Amino acid sequence: MTNKAKLLQGDEAVVEGAIAAGARFFAGYPITPASEIAEGLAEKLPVHGGKFIQMEDELASMACIIGASLSGLKSITATSGPGFSLKQENLGLGMMIEAPCVVVNVQRVGPSTGLPTSPSQGDVMQAKWGTHGDHPVIALAPSSVKETFELTVKAFNFAERFRMPVILLLDEIVGHMREKVVLPKQEDIEIWDRKKPEVGPEDFNPYEETEDHIPPMPAYGEGYRYHTTGLFHDKTGFPRGTTEDAKKLMDRLMAKIEDNMDIISLYETDIRAEDEVVVLAYGSTMRSVINAVNRARDEGINVGWIKLKTIWPFPEEIVKKISQDVNTIIVPELNRGQLIKEVKEHVFGNAEVRGINKYDGTLIKPDEILDLIREVK
Amino acid sequence: MTNKAKLLQGDEAVVEGAIAAGARFFAGYPITPASEIAEGLAEKLPVHGGKFIQMEDELASMACIIGASLSGLKSITATSGPGFSLKQENLGLGMMIEAPCVVVNVQRVGPSTGLPTSPSQGDVMQAKWGTHGDHPVIALAPSSVKETFELTVKAFNFAERFRMPVILLLDEIVGHMREKVVLPKQEDIEIWDRKKPEVGPEDFNPYEETEDHIPPMPAYGEGYRYHTTGLFHDKTGFPRGTTEDAKKLMDRLMAKIEDNMDIISLYETDIRAEDEVVVLAYGSTMRSVINAVNRARDEGINVGWIKLKTIWPFPEEIVKKISQDVNTIIVPELNRGQLIKEVKEHVFGNAEVRGINKYDGTLIKPDEILDLIREVK
Amino acid sequence: MPNKGKVKITHPNRCKGCNICVMYCPTDVLKVVDGQITVTDIDGCVGCFNCELSCPDFVLEVVEEDDK
Amino acid sequence: MPNKGKVKITHPNRCKGCNICVMYCPTDVLKVVDGQITVTDIDGCVGCFNCELSCPDFVLEVVEEDDK
Amino acid sequence: MKYDIDRFFRQDKLPHIWCPGCGHGTIMANLARAIDKADLDPDKIVVVSGIGCSGRASGYMNFDTLHATHGRAIPFATGIKLANPELNVIVITGDGDGAAIGGNHLIHGGRRNIDLTVILMNNHIYGMTSGQFSPMTPTGANATTAPYGNIDQNFNLADLTKASGASFIARGTAFNTRQLIEIFNDGLLHKGFSFIEAISQCPVNYGRRNNMDTAVEMLKWQKESSVNINKWDKLSDEEKKGKFPTGVIYKEDKREYTEMYQEIIDSVQKEA
Amino acid sequence: MKYDIDRFFRQDKLPHIWCPGCGHGTIMANLARAIDKADLDPDKIVVVSGIGCSGRASGYMNFDTLHATHGRAIPFATGIKLANPELNVIVITGDGDGAAIGGNHLIHGGRRNIDLTVILMNNHIYGMTSGQFSPMTPTGANATTAPYGNIDQNFNLADLTKASGASFIARGTAFNTRQLIEIFNDGLLHKGFSFIEAISQCPVNYGRRNNMDTAVEMLKWQKESSVNINKWDKLSDEEKKGKFPTGVIYKEDKREYTEMYQEIIDSVQKEA
Amino acid sequence: MDRYEIRLSGAGGQGMILAGIIIAEAVLYEEGLNVTQTQSYGPESRGGASRAEVVLSNDVIDFPKVIKPDILVSLTQKAYDKYSQDVKEEGIVIVDDSIDTTDSQNKTYQLPIFEKAINEVEMKLTANILVLGIIDNLIPQIRTSSIKKAIKNRVPENTVAVNMKAFSVGKKMAEGGNIGE
Amino acid sequence: MDRYEIRLSGAGGQGMILAGIIIAEAVLYEEGLNVTQTQSYGPESRGGASRAEVVLSNDVIDFPKVIKPDILVSLTQKAYDKYSQDVKEEGIVIVDDSIDTTDSQNKTYQLPIFEKAINEVEMKLTANILVLGIIDNLIPQIRTSSIKKAIKNRVPENTVAVNMKAFSVGKKMAEGGNIGE
């Protein structure tokens, strides 16, 4: 038996996904077009014994969910471009101290105040590079309300499993669109919780180098009395200021991602042996892609598509592989060409790479993609 | 006649360069390793009738220099990684409203608090992508104290000439190193000031589309009474919320850069016809490169170098050109591989690209580069 | 200087029908009709400026007779 | 409970020679010698705890005689 | 009294985008009347605003105007003023923009006592984003993010800015327009950091959710809740309950920041 | 009185990095004594600090400890506390960390009256970055960024936090350690937002530049400048000049944030 | 019919988005079809341009926004001017009779929507529901009973009666004008 | 001699960085050579590890940091342990006599630096200038007059005398130990 179909906004699907994944803490600040997530969780969290708090600003919201995560709750915040910029410093701390949490960015057109009510995919590169210094990033981007629910759950699972903040990149269309969605039964949803220490406080190192590179994490108040800091630190959690510790920690943080690319890289493909053109996209843009590819195939054109659900880490293996099988990769994006840079880097001359870019708050229409498919075919 | 040689820190050279370029306003906040810039300007600005203010936080500092720029003063702030993260939102406003100003980031090892007193080139990608949305960026990176003076002047000139914030990316080594430098005479320094309107207030549009894409800019109080906003706006400065205006403005902001790549792209090369390997670097890393290349040539190896002073916009033309002439490009960086991504994107398979990466707060030693040169030669 | 002027709807297209001026008018000379402010009794206007001062939308002013 | 204990330099290696305890001592039994705090007159110690309470560096404590 | 204010507005931008009955228009109009009364040179006035409904005010006023980022109007204004102290710099902010995200800049502006006139339009709600509670939403009230009633305390902004060091503090209402003009006038002419809380009304996003469906009802609430500062101190604690004082609450002659900085320049340059 | 505080410190991290004569060590030690006195369960204590000299305190204290970003300790602590209200959450901050960049969080923490104990070590300077002025550097004093003397006003942090809504406000000094223990003890046991300003001394980066070369001189200044709150009100304005009150300055029984939130949960869950 | 597209346009506060949601809920909950509902709006809560769109289909809906509407409703001149070009050749345009449609390329009905809402329903704010009555018969995939049910589920309980009245006034206007026959 | 490298190491507050700056200024302002001076330090103002480096050359200096020092000075055991490995084979090591150097591979002088600073100069803080006196003769490119001038230019005016005394105490120690002969 399945649940009944619902008409839900993407923002509402984040609320449902968060509750289903076990989120019990939200801190946020009003911003278009993400406020509906706060409003939904303000209503639903206390029903589940969880907590909602509206903070004084975006920076405080990010700090607050990291704090709640350290106290043991699955935590989430939601914002849009300007708030995402403001959250960057504390997001970096979250990555450094390995605090599981989920940060939603419902993208609107930037820079600055921009076009606050119009969709964009303009924060894709910021999601990877927005905070200073090297750092590991997982960012997921849904293309439908249903995927929004699924990837919200995934985001919490990745956050807990790999012990790090995970970014969920909606765009305004996916966030505000209402669409039919059938939510899975709670018992059918796979849930990951953070690893807890198996040793007592006396034998505990909060940043122990384990085989999977993921240190177990007790909650505050459980008697482990450990230290955590935004400085580079060794396994005890303390800074020694040595170069070796800095490299060791950075390599471990990155290894959590690099060693688990097969788990983290989420994508779907529809590429046939005969396809010579592939359209690569993510988020709401993907919907135009499927429309265009289907119509192009009706015209007899050998074209397929790849939908990235994981944006960061960039699923480079599949792109490298595809680049050897096709002549052209088309990358439509609601920005001036961001993820296409990764595509070019990894294609590295093995196929032609062409972009389609809209950055005026309107969607890329299926016809615009179809036109380019016809041109390059 | 020239000035006498001085022993100056890079941070002090920023102070000298700013004063020489005509900077008359600084707002900042204490942070290692950039505080010396604030301290120097706190002392020197009032001597020249300029103003220094220490703000309550990093965000306010960025806001404050944009305000001072609108009042007509050449303005500057200085920070390091964590502060650079905090400045991102207001930096985006500066780009949107086209406020000339200079933002110095003396890079230390991140993410988060990281290694506050150790050098890094870890904020190179953040300089381009740190604020949300697409946006134009100019970022310069000096490799010596002398270049720090020169590029500080350049940064102000680009800021005024192209009417936008310009980022000056030092690293802790360049910032704190003392070195011999002979400052040019003031009369020998090329100075650009922002274009002023040639029409009266009644005929004035603050964001007029001009041939060079750069709208003239009156100071507040000069009677033009114009409006400026972080929303997308038309030539009158007002938002109409239309998609056409958004695209038009973004294209113009980008055209300021794209149409002036020959002026903005600053680099030096020492590549001989016979060279088959080129080492590409920037900032303090460049000093090891020159040492290594000279020694490799002594061994008879055909190797040259290119030093980027302009990091953003990435000088893609010269890299494309070089990639057709050599077999291998080596890119040493004090990070986990940032600008090498741009190199790979633009080389696009035309040459092998190899990185050397240090991210533990120590410098890349000449021998490490020499070893790779020998390996790939 | 009350009584020197009378209310005038100078910018009817700006009126949003909020009724604020109606509340302030001491002599009930204003009324929102079909979402639009109207002067129902100009002779009753005492030129107190309450409406002008309170209007959020720059709709009406008190003007001297010869200003008309 | 003064007089029940006497000052003891429990962690000499932590002393930074700041002279704060010296200032507080009511009976002048402490002195910084070569940058290092020393007890010059243990008999004079009245066990007032001033030094222990004021030391920024966890260097000394007032301990009961049999604690030694 | 007749004021000449058409010249202070960009007529082609009107009607403004604020909802029917919103108090922001009234407050903005009376700010213009105070500017007229104070006889300031419009070429030397700069209006800086942040984000939110109040943020839109700068676009309508015919001066040099800056519609900046959320909460940061005061530091932008600080740069504008310190760079050119002959400018009259007015900050228009809201209860979300000025008291939530911008709270730090508010208290530090006050601490520096820099010569800005800060007008905080307090409509007790985030209006632009459709009704989340702000630090000024009354405890117990409903908001989209307080579906079970708001548990947050409010700031007393007059107390807070006074404690910060500001030298002119006043409160007015969209209801009492004549008082508002006087207060604005005094604040504009005061040399130092002037903070004026102007109580506004948001029928759509606050009133509707809190049993005040119309602007008229909300204005009546302002009338009934406000007490002139001259009478305030004579009230008992019981009488003060649910009420707030209006008028000039605090005023002090105190050294102003840009003047002090100019003294540094003068003395350094004299030495050199 | 003898306190048992060794157990509250990570002995292997001592000696700490603070300079000779720095008051932070004294304040931290006496915080531990107050924890001993208040008999709190060390497993349920969390210490959160920001960046700067004060920020290093968390590393030495043997509890769950978080050394967070600059100025943001209070929102981190807010998340920790709201997520698990049974924890005793102590924030250690400084005059730069807590009153400059962290000012907004300080006043909003107070406004919410969330049950945190915030200890602001005020050494009147940015020490870690070698001597820039802070909002608490006295007007006229020298600092690396005030080479011609500081023109900034200071905050009165007790006034500011009181105006923000905090329900327990106190001030102590590194000089008067017995009073400090009492104040910390009271603040720890108070249910609500407790703010305690602990005056510290920085001989290296403040004293040296301002005619107080040693810690001893600076402690004497603290002694001479501080007046117990019991005697403060009896002083004339003239006598108050250059002095400050110490002790518990304000205390109020007021509803606490996490308790109010729990009531929402209870009532919503009862309905469901 | 594979894909059917509806665009409702007007000013903020006129309830166009609510009307769009009601159609979408009727399609999904009562007719069991696929549906996407999107909107675009300005910063204003009241008065600015506002647009709601509904796409319905038996099939999976890929592109979620209206490409060429089968029905365009415009309650303001500004909205009409902006959107009337896009309408499908055989599409239908419904506007308030205050709107000038002289250059229309489509079958266009100018109807006294606000007048009827004000005078017959006696509540101007119900114009959005009245519009649903007008277009009800035009949408082949939705039964009248479905849309009525969706209205009842969505409007505040104390306004159900007045909204149902608005709906039937709209239905009558459609019949009078032979719309959707 | 093309490139000459000096590393001064100790704890924060011992003035190692100032000593490095003085050498660099003597090299540049008095000898007219190229010079780079760098440092590394921890968060502590007092007590943490601190290191100053000076590289001098007739030529352009590319790599600005010390690779293999010609002179290493260490005032703390920690600094000595960390840096003594790197010293050039023919390089010279100068340490305070409190430091254990049993495993040294280099020509190493253990000298009573702090003792002399305390007892002869009567100011422990002048140990850094005293060190300059000790190493003065070791650095071939710098004349004694140059380094004296640089000291006078850098130290606070009211401490010139005591610092010059420290310098000559250092000089004497060098002569006594036949250092730099």
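Annotations for the structure displayed:
By letter and in written order, the chains are A, B, C, D, E, F, G and H; residue numbering begins at 1 in each of them.
The criterion applied here is as follows: a residue touches a chain if its C-beta (ideal position, glycine included) is under 8 Å from a C-beta of that chain, and two chains touch if they have at least 3 such contacts.
Bear in mind the structure is a predicted one, so any value in this text is a computation, not a measurement.
In terms of the stated touch criterion, the partners common to subunit A and subunit E are B, F, G, listed by label.
Summarising the inter-chain contacts, the pair of chains with the most C-beta pairs in contact is A-B. Averaged C-alpha coordinates give centres for subunit B and subunit C that are 58 Å from one another.
Here the spacing of subunit A and subunit G, counted between their Cα centres, is 36 Å. Distance between subunit E and subunit H, defined via averaged C-alpha coordinates, is recorded as 60 Å.
Chain contacts: subunit E has residues 15, 18-20, 67, 69, 100-101, 103-104, 108, 128, 130, 135, 148, 152, 261, 264, 268 touching two or more partner chains. Residues of subunit D in contact with two or more other chains: 16. The set of subunit H residues touching two or more other chains comprises 42-43, 46-47.
Of all residues in subunit H, only 21, 24-25, 28-29, 32, 34-43, 61-65, 67 touch subunit B in the complex they form. The residues of subunit F lying in touch with subunit A in their complex are 10, 13, 42-44, 46, 48, 51, 58-59, 62-69, 72, 74-84, 86-87, 104-105, 108, 261, 264-265, 268-269, 272.
Remark: subunit F residues 100-101, 103-104, 107-108, 111-113, 135, 148-149, 151-156, 159-160, 162-165, 257, 260-261, 264, 267-268 touch subunit E in the complex. On subunit B, the positions that touch subunit E within their shared complex are 24-25, 27, 46-47, 49, 51, 53, 55-57, 59-61, 63-73, 75, 89-90, 93, 97, 219-231, 238-239. The part of subunit B that touches subunit H in the complex is made up of residues 5-7, 116-118, 173, 176-180, 284, 287-288, 290-291, 294, 363, 365-366.
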